[in-house]
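What follows is a group of structures, each given as C-alpha cells.
You will see two complexes here that share subunit A, one where it goes with subunit B and one where it goes with subunit C.
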Partner chain A sequence: MLDVVVIGGGMSGLTAAIHLAGAGLKTAIISRGDPVCCLSTGCIDVLDLGGRPMDGYGALPEGHPYRLVGKRGIEDGLRMLKDIMASSPIPYTGTIRANREILTPIGTFKTTCLVPRTMEASQGCRDEYLHVISFAGLKDFYPSYITSRLPDTGFSLFDAGCSSTLALAARFEEQGFLDEFCSWLSSIEIPPGRVAIPAVLGLKNPVAVMEEISSRIGRTLFEIPTLPPSLPGMRLFRTLKTAFQERGGEVYWGNPISSVEIRGATVEAVTLAASGRPTRVQGRAFILATGSFVSGGLYATRESVREPVFNLAVRVPGARKDWFLHDFFMPGHPIEGAGIEVDASFRPAGSSLENLFVCGSILANSEIMKNRCGHGMALATGLKAARQCERMLV
Partner chain B sequence: MTFEHCTRCTICVENCPVYKVEPRFPGPKQAGPDAQRFRLDPEKSVDEWVKYCCQCRRCQVSCPYGVDVADIILKAQLKYGREHLSPLAAHLFANAYHFNKLGSTLAPLANRASDWPLTKSVLGLFGVSRELDLPEFRFVNLERGRRRMGRGRKVVFFTGCHLAFNRPDIGRKVRDLLASTGCRVVMPAQTCCGLPALGNGDLDIARKFALKNAAMLTRYIDKGFDVVYACTSCGLTLMHDYPGILDVPGGRKIAENTYNVYAYLFPLLQAEAEGGPLGTLELSLAYHIPCHLRALGIGYPAARIFEMIEGLTCSILDDNCCGLAGTYGFKKRNQETSRRLGLIAAQAVRDTGADTVVADCGACRMQLSHYALMPALDPAEIITQAMANTPKRSRAGSGIAQKILQTIQMKRRSA
Partner chain C sequence: MSIKTDVIIIGGGATGCGIARDLALRGVAHCLVERGDFASGATGACHGLLHSGGRYAVKDPEAARECITENQILRRIARKCVETTGGLFVRLPGDSKRYRDEFLKSCDDAGIATAVLSPSKALDLVPGLNPSLEEAITVPDCSIDPFRLCMLNTYTSRHRGGSILTHHEVIEVVKEKGVCVGVKARERLTSQVKEIRARIIINATGAWGDRVARMGGAVVPMSLSKGSLVITNHRLTSMVINRLRPPSDGDIIVPNEAVCLAGTTSIPVNDPDILEIDPAEVDIVTTQAEQMVPAFGSTRLIRAYTGVRPLLKASTRGGDGRSISRGFQIIDHENGMYSILGGKLTTYRLMAEKMVDVVMGRFGLKTSCRTAELPLEGQDELSGYPLTKRLASLDSIVCECELVGRSTVEHAINTMGTQYVGDIQHRTRLGMGPCQGGFCTYRALGIMQELGRVSPEVSVSILKEFLQRRFKGIRPALWGDQLREEQLIESIYLGILSMGGRP
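For the complex of A and B:
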C-alpha cells in the first residue's frame, strides 16, 4: 500500500510528488501521458499583470489559487524548483522579485520569471547587436521573423544535415559534431554583440554545451525556445521526473484511471486501464493533478464541464452561451475560470472526501492565460497540496 | 482512441527514439495519425518508411489523449508487409524461433558457425547487421530442463525464446525463485510469442505462433494455473496483442491471468522477508527500463524488490530505448539507427556511475553490455545473488552473474 497516489504527472503533480517522496512517504504518480510542460518554453511564468510578479497579487480575485496559497507559498514553490534544478545540469536563473523578458522565435518578447541558464542572456539582448544562428532546413524556426522585427540583427545558417530540433539536440551531444560546429562558427564574420541559437543544445547538458561554444567563440550565447517539440520543456519535465524517481517514487505511465474506489469519506484505490488486465493501486491519500482541458483533467460536453476521474463538481462560469467569445486566446475568456474549487486545505470544496487533494491548472478561477501564471501556479499549488496531504498522514 | 483524437501536439515526436537519429522516418505523428487519414484499405501502401518505426511504443505511452499511435503504425507496417515482398532478413527474423531451436540443438556447431566470416557475409547478403554478435546458443536449453516443484500456487512460466535458447541459466533462476516461495512451476512446451513476426510485418506467422501458445496457456489457466513471464516483450505481446491485434481464442483470458514475474514475486518475497531485508548485496545498479515494460502500465516491479535488498542502490533509467528493439537492430538498414540509440542509452547508464546495468529484456541486455562495456544482468540474477548472501538462507548463488558480481565487488574493495 502506498502513502500517496498522485494522479497526473505535470508540473503540479511532480512538485507534489517530489515533496512527498522527499518527506519519506511512499509515493506513486499515475499519468495517462506526458504533460503540457513538454510543450512549454521551460520558463516559469509566475504572474504578469504589469511590473514585478507580486505587484499583481492584490488584483487577483479572492478565489484565485494564489490567494489560497499566499505569497510565502508561491515563493516556497519557486525556491523548491530552483533547488532541484540547481543540483541538475540545468540550473535556473531569476527570482520572484522581478520579471524578465526572453526573445521568442518570432522576434517578440515574452515576460516570464525563472528561466533555464541557457536563456539567461536573452534579457537585455535588444540593447546590442544580435546574431541568430540557425540550421539549414530546420522546421518551424525562421530567423527572418526575428531579423525583420528587430532592428540591429543578422543571421547565419549552419548545415547540420538534419531538420528537426530533436535530431539537432542528439547531434549536439556528440563531441565531434560540437567541434565541427564551433570551428564553423569561429570562421564566420559576426559583428560584435550577442549570439542566439534555437533551443537545440542537447537534451541532457545544454548549459555545458552552451558554455563550451561560448568560450570557444568568445561571445555571450543564449537559446531561443522553439515551437513544440520543445527541448527546454522536455528537459524541465525529465529533470523533475528523475528527481522524483531518485527519491524512491514510482511511476505508472501511459494509462488513464478507469475507476476509483471510495468508501465513506475515503478514497481507497484507483484502477488504471493497463494492457490486458487493469492495475489497481491503493493509497492512503490521493492528489488530483490532471490538468485543464488540454490534458483531459477537465472535459467539456455540450451540456456541461466534467471532471472525469472523481466526477467532482466543476465550477463553470455562467451559461454555456457565455463561453463563446470571438477569440479563444483572448485574455479573460470565461472558460479559463472553469475548474475545481478547493477549500483552504486544498480539498475539493463541497465534497466529503477527506483524503483527496487537488492542485495545478485544474483549479477553478486560475485564468492562466490572462494572469500568465502557468508553471508558477502549478508549483505553488502542488507544494501546498502536498504539505496539506503530509500533515494529514504524518 | 483513434487517429481522429490526435491534436498534433507533438509529444509523441518528442518521445520517439528513431526520429532523433533517422532522418528517413518522419516521426510517429506523421507515420501514425497524420498518414492514417490517407490510408485506404484497398489502396496499396506506398509508405515504405513506416518500417523504420521500431515499435518501442513510447509514442503511445506519452500521448496525453490516449491515441493508439504505435498500434496505428503497427497496422500500417503489417499492411505494407502483406502487400509487398519482404526482404529476406524479415523472413529470417519472423521465423527466429525455428532458427533458435535449430541453433540450440546444434549449439556448439551453431555458435562456431555464427562466428565464421563466411556466415557473417552470407547473413550480410540477407540484410543482417554485423554490428552486434548474434546471441550465443546454449545446448542445455530450458525446454530440456523441464521440472516441477513446490506445492503452493500453480504457475506456468512462459520463458520466451531468449531465456529458452540463449540464457537458460537466467530461466532457471527465475524458476527457482518462484519455487523458493512455494510455487509449483511448470514449463510446458511453448513456442515464440509471435512478436518478432509482428515486428517483421508478418501477421500470419505471428498468429500461427500465438494460436499454439494460446491453446496451451488456456488449458493450464482452466486448471487453475497463473501465467508468468520474465521477458517484458513477450509479456506485452501476451497482454496486449493476444487479445488485441492477434485476436486469438482465449486472448482475453490469457491477459487476465498473466503476470510479470517480479510483480508476482513481490508480495511472496515480501512475506518471506517478514519486514526485514530480503538479502544483502553491496552494489549500485543502473536499471534500464525496457520500453515494453514501460508500456505494460504496471510500474517497475523489480525495482520494488530491489528496495528490499540491503546495500543495493538503484538508478532508474526509463527515458531511452536501447535501440536494438528485438530484431530491429539486427537488420542492416537499421544498423546505424540502432548503434546511435545504443550509444545514447549506454551513455545514460555510464553517467550514473553504477557498477552494472540491469534490464528485464534480453535484447536490451545484449545492446547495453555491448555499448556500455559492462556486464548487463537480469533482475533475477541480482535477487538470487542477494538472497544467497543472507546467512539464514543457504541457497547458492551461481553461474555467470555470481562471477561478474564477485569481480565487481573485488574491484570496489581494492578501489
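For the complex of A and C:
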C-alpha cells in the first residue's frame, strides 16, 4: 500500500511527487507516457502580464490557481526547482524578481523567468554581433528566420549527417564528434560577439558540452530552443524524474488507467491497463496531475469537456462555438479556462472525495497562453497540492 | 509590361481552365488570369463529386442529363482525376418511399443506370453504412480531383502557346470607346501590374462574376449561397453516399484519396470573400452524415471549408440556393465582354465548349470542339500520391502526416519557381493531413528561403497569413483529438516561437 499515488508524470506531478517522496512518504507516479514537458522549451514561464513576473499577480482573476497558491507558494515552487536543478548537470538561472528573454528559432524573443544554464547568454544577445550555427538538413531549424530579423547577425552550416535534433544530440555526446565540431568552428571566421546554436548539445551534460565548445573557441555560446521534440524539455523532465527516483519514488510508466475504485469519500485504488495483466495500484491519497488537452487530462466532445480518470465536474467556458476566438494569434481562447475547479485545499470543488488532490494545467482558470504561466503554475500548484496531501496523511 | 492575345479568361476555376484548353485545341491565342491558385473558388471548395446526375434527376431533368453525359466523357478523358467509386443513394427509415419511386423513374428517363440493393447487399459494398437502412440504389457517381483537373486543362494550354497567370488579380478592365479591350492584373506578392490586351474578355469568375462584370460596366444578377463541408482524417466509405430524399443539408459523403468529404449547408451570403464557417454548420453536416455512416460522428474532422455556389438569380422565385437551377448561362455584355455563370463542376467541359463556340462565331472561325474526344494531356506525368513513391524519398520528411519528403518539396519549388507556399501544398499534398500544415509549413518556407525563392522577411508574414487562414478552417470543427492537436500547434507558435499578440 502506497501513501500517495500521483497520476501524471509531467511538471506538476513530478513536483508533487518529489516533495512527498522527500518527506518520506511512499509515493508512486503513474504516467501514460513521456509528458508534454518534453515538448516545451524547458524554460520556466512564471507570469508575464508586463514588467516583472509578480507585477501581474494582482491582475489575475480570483479563481486563478496562482491566487489559491499565493505569492509565497509561487516562490517556493521556483526555489524547489532551482535547488533540484542546482545539484544536476543542468543548473537553472533566473529569479522571480525579473523576467528574461530568450531568442526563438524564428528570431523573436520569448519572455520567460528561469532558464537552463545553456540559454543564459541568450539574454542581451541583440546588443552585439550574433553568429548562428546550424546543421545541414536539420528540418526544424532555418537560421535565416533569425538572421533576417536581427540586424547584426550571420550564420554557418555544419554537416553532421543527421536531420533531427535528437540524432544530433546523440552525436554531441561522442567526444570524437565534439572534437571535430570544435575544430570546424575554430576554423571559420566569426566577427566578435556571441555564438548561438539550436538546442542539440546532448541530453545528459549539455552545460559541460557548451563550456567545452565555448572555451575552445573563446566565445560565449548559448542554445536556442527548438520545435518539439525539444531537448531542453526532455532534459528537465529526465532530471526531475531522476530526482524522484533518488528519493525512493516508484514509477509506473506507459499504461493508461482503466478503472478507479472509490468507496464512500475515498479513492482506494486505480487499475492500469497493462498488457497481459492489469495492475492495481492502491494508495492512501491520490493526486491528479494529468494536464490539459494536449496530454489528455481533459477531453473535449462535441458538446462538452470531460475529465476521463475520475469523471470530475469540469468547468466549461460556454458552448463550443465560443471556445475559440477568431484570431489565431490572440492568446486567451476561452477554452484555456476549462478545467477542474478546486477549493483552498486543492481538492476538487463540489466533490465529496477527501483523499484526492488536483494540480497543474488541468486546473480551471489557468489560461496558460494568455498569462504565460506554464511551468511556473505547475511547480506552484504541484507543491501546494503535495503539502495539502502531506498534511492530511502525516 | 504588356501582353497581346485574342482572348482573356478571368478565373482559374474549372470553367476558366476548361475554356483555356478548348481554345488551345482550336488554335486560339489566349491568356488566363487567376487571382489565387487554380481552383481557389467554388471549384476547389466543393465535394469533388463527379455527379451521375442522380442528385438532380427528380427536380432538374435537364441538368441530370447533362451530368450523366459529362460524367461518361470525363471518366474517359480524365482518368487520372477521376476515381470510379460508384455511388449509393441510401434510404433510411422514415425517408419517403414515394420519392424513391420518383427517383428511379427520373433516373431512368435521364439515362442514369440504377440498381436497387437490399440492405445486406449494400452493407457488403459499404460496411460502414447505417445497418438499419431500408435499401440503397446504385448510381455511377465518382469522385474527382478538382485541382488536378484544372492543372491538366491548363497543361494543354501551356503547351500550345497559351499564357496562364496565377496569383494575378484583375484590378481594372481597360475600355476604349465603351469597348473592353483588355485588363490590368496585379501580381499578388510583387504588386507588379501587367496590362493584357485582347479582342474578347471572358468572365468566368463564378461567385465573383458580378464584381468582375461591373469592372466592365455590366451587371449580372447572381444569388450567392455558401455551402460548408467537413473533411475526415480517414476514408470511411469507398463509395459516394447520398441520402435518398430531396436535396437538403448534409446529404452527401464523398471519398477522396485518403479522406472523406461531407456536406453541405446552404446559406445565402452577400460577399464571396467573407467566408466564416459557423460551428453550427459543422454540427448539421456531422449529424446528417452520421445518420448514413454512423462512425462519422466519432471520426476526427481535420477541418471544415466553405465555397460559394455561383448561381444565377431566379427572377422572382425565392427559396434557398438548392431550388435555383444548376443550369449555366452565357451573357453577352455587347461590349467585348462575356460572362459565363452558373453550372457545376461536372459540366465544366460542356460550359467551356459552348463558350468557345460563341468565341469562334465572333471570330468567324470554324474549327469544332474536340475536348470530349481527346484525353487530357499531361496525365502520364502525374503519378498521383502512391505510398511507394512517398516512401522512396523518406530520407528527410518535411510533412509527416502525408509523408512528403524534402526532395519532393524541392522539386515542386524548383519546377514551378513559385513563391507561394500554397502552390507547393496543392501539388505535393504537403500540409493536407491531420495537423493541417501546423508543422511543415514553417519547414517548407525555410526550404524556400534556402533555395532563394522567398526572402526570410517575407516568409514570416506568409507563415502568419497561412496560420490565420488555416485556423479559419479548423476553428469550427474543434473537439476531441483535433482540439488536442490544435492546442499543441498553438503552444508552438504562441509559446515556443512567441508569435502571438498581447490580449
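The rule is simple: the second predicted complex is superposed on the first by the 390 of 394 C-alpha atoms of A that agree within 3 Å, B and C clash if a C-alpha of one lies under 4 Å from a C-alpha of the other, contacts with A are read in each partner's own complex, and residues count from 1 in each chain.
The rule is simple: a residue touches a chain if its C-beta (ideal position, glycine included) is under 8 Å from a C-beta of that chain, and two chains touch if they have at least 3 such contacts.
Just so it is clear, the structure is predicted and the values come from calculations on it, not from any experiment.
Enquirer: After the alignment on subunit A, I want to confirm one thing: do subunit B and subunit C clash, or do they fit together?
Expert: Here the two partners, once superposed via subunit A, fit next to each other without clashing.
Enquirer: So in the superposed three-chain picture, is A:H326 touching just subunit B, just subunit C, both, or none of them (first/second/both/neither)?
Expert: The answer is second: A:H326 touches subunit C but not subunit B.
Enquirer: Of the two partner chains, subunit B (first) and subunit C (second), which one does A:K139 touch, if any: first, second, both, or neither?
Expert: In the superposed model, A:K139 contacts subunit C only, not subunit B.
Enquirer: Where does A:T220 make contact in the superposed view: on subunit B (first), on subunit C (second), on both, or on neither?
Expert: After superposition on chain A, A:T220 lies in contact with neither partner.
Enquirer: Applying the document's definition of touch, where does A:T95 land relative to subunit B and subunit C: first, second, both, or neither?
Expert: neither
Enquirer: Have a look at where A:N255 lands relative to subunit B and subunit C in the superposition and call it first, second, both or neither.
Expert: first
Enquirer: Between subunit B (first) and subunit C (second), which does A:R149 come into contact with in this model arrangement: first, second, both, or neither?
Expert: In the superposition, A:R149 touches subunit C alone.
Enquirer: From the CA centre of subunit A, what is the angle out to the CA centres of subunit B and subunit C, nearest 10°?
Expert: It is 90 degrees after superposition, to the nearest 10.
Enquirer: Which partner chains sit in contact with A:P228 here, subunit B, subunit C, both or neither? Use first/second/both/neither.
Expert: It touches subunit B and subunit C both.
Enquirer: Tell me which partner A:A300 touches in the superposition: subunit B (first), subunit C (second), both or neither.
Expert: The answer is second: A:A300 touches subunit C but not subunit B.
Enquirer: With both complexes placed on chain A, how many Å separate the closest C-alpha atoms of subunit B and subunit C?
Expert: It comes out at 5 Å between the closest C-alpha atoms.
Enquirer: Please write out, lowest number first, the residues of subunit A touched by both subunit B and subunit C across the two complexes.
Expert: Of subunit A, residues 39, 163, 228, 230, 294, 296 contact subunit B in one complex and subunit C in the other.
Enquirer: Please name which positions on subunit A make contact with subunit B in the complex.
Expert: Interface residues on the subunit A side: 28, 32-36, 38-39, 161-164, 166-167, 169-170, 173, 204, 228-230, 234, 238, 245-246, 248, 250-256, 272-277, 279, 294-296.
Enquirer: Quick one: which bits of subunit C touch subunit A in the complex? Just the residue numbers, please.
Expert: Contact set of subunit C toward subunit A: 276, 278-280, 283, 286, 395-398, 406, 439, 442-443, 445-447, 449-450, 455-457, 459-460, 464, 467-468, 470-472, 475, 478-480, 483-484, 487-488, 490-503.
Enquirer: Show which residues of subunit A lie in contact with subunit C when the two form their complex.
Expert: 39-41, 104-111, 137, 139-142, 144-145, 147-149, 163, 225, 227-228, 230, 292-294, 296, 299-302, 320-321, 323-324, 326-333, 335, 369-370, 374
Enquirer: If we count contacts the way the header does, which residues on subunit B are in touch with subunit A in the complex?
Expert: 9-11, 13-16, 19-21, 23, 27, 60-66, 236, 238-240, 242-243, 254-256, 258, 294-300, 303-304, 307, 315-316, 318-319, 340, 344, 347, 351
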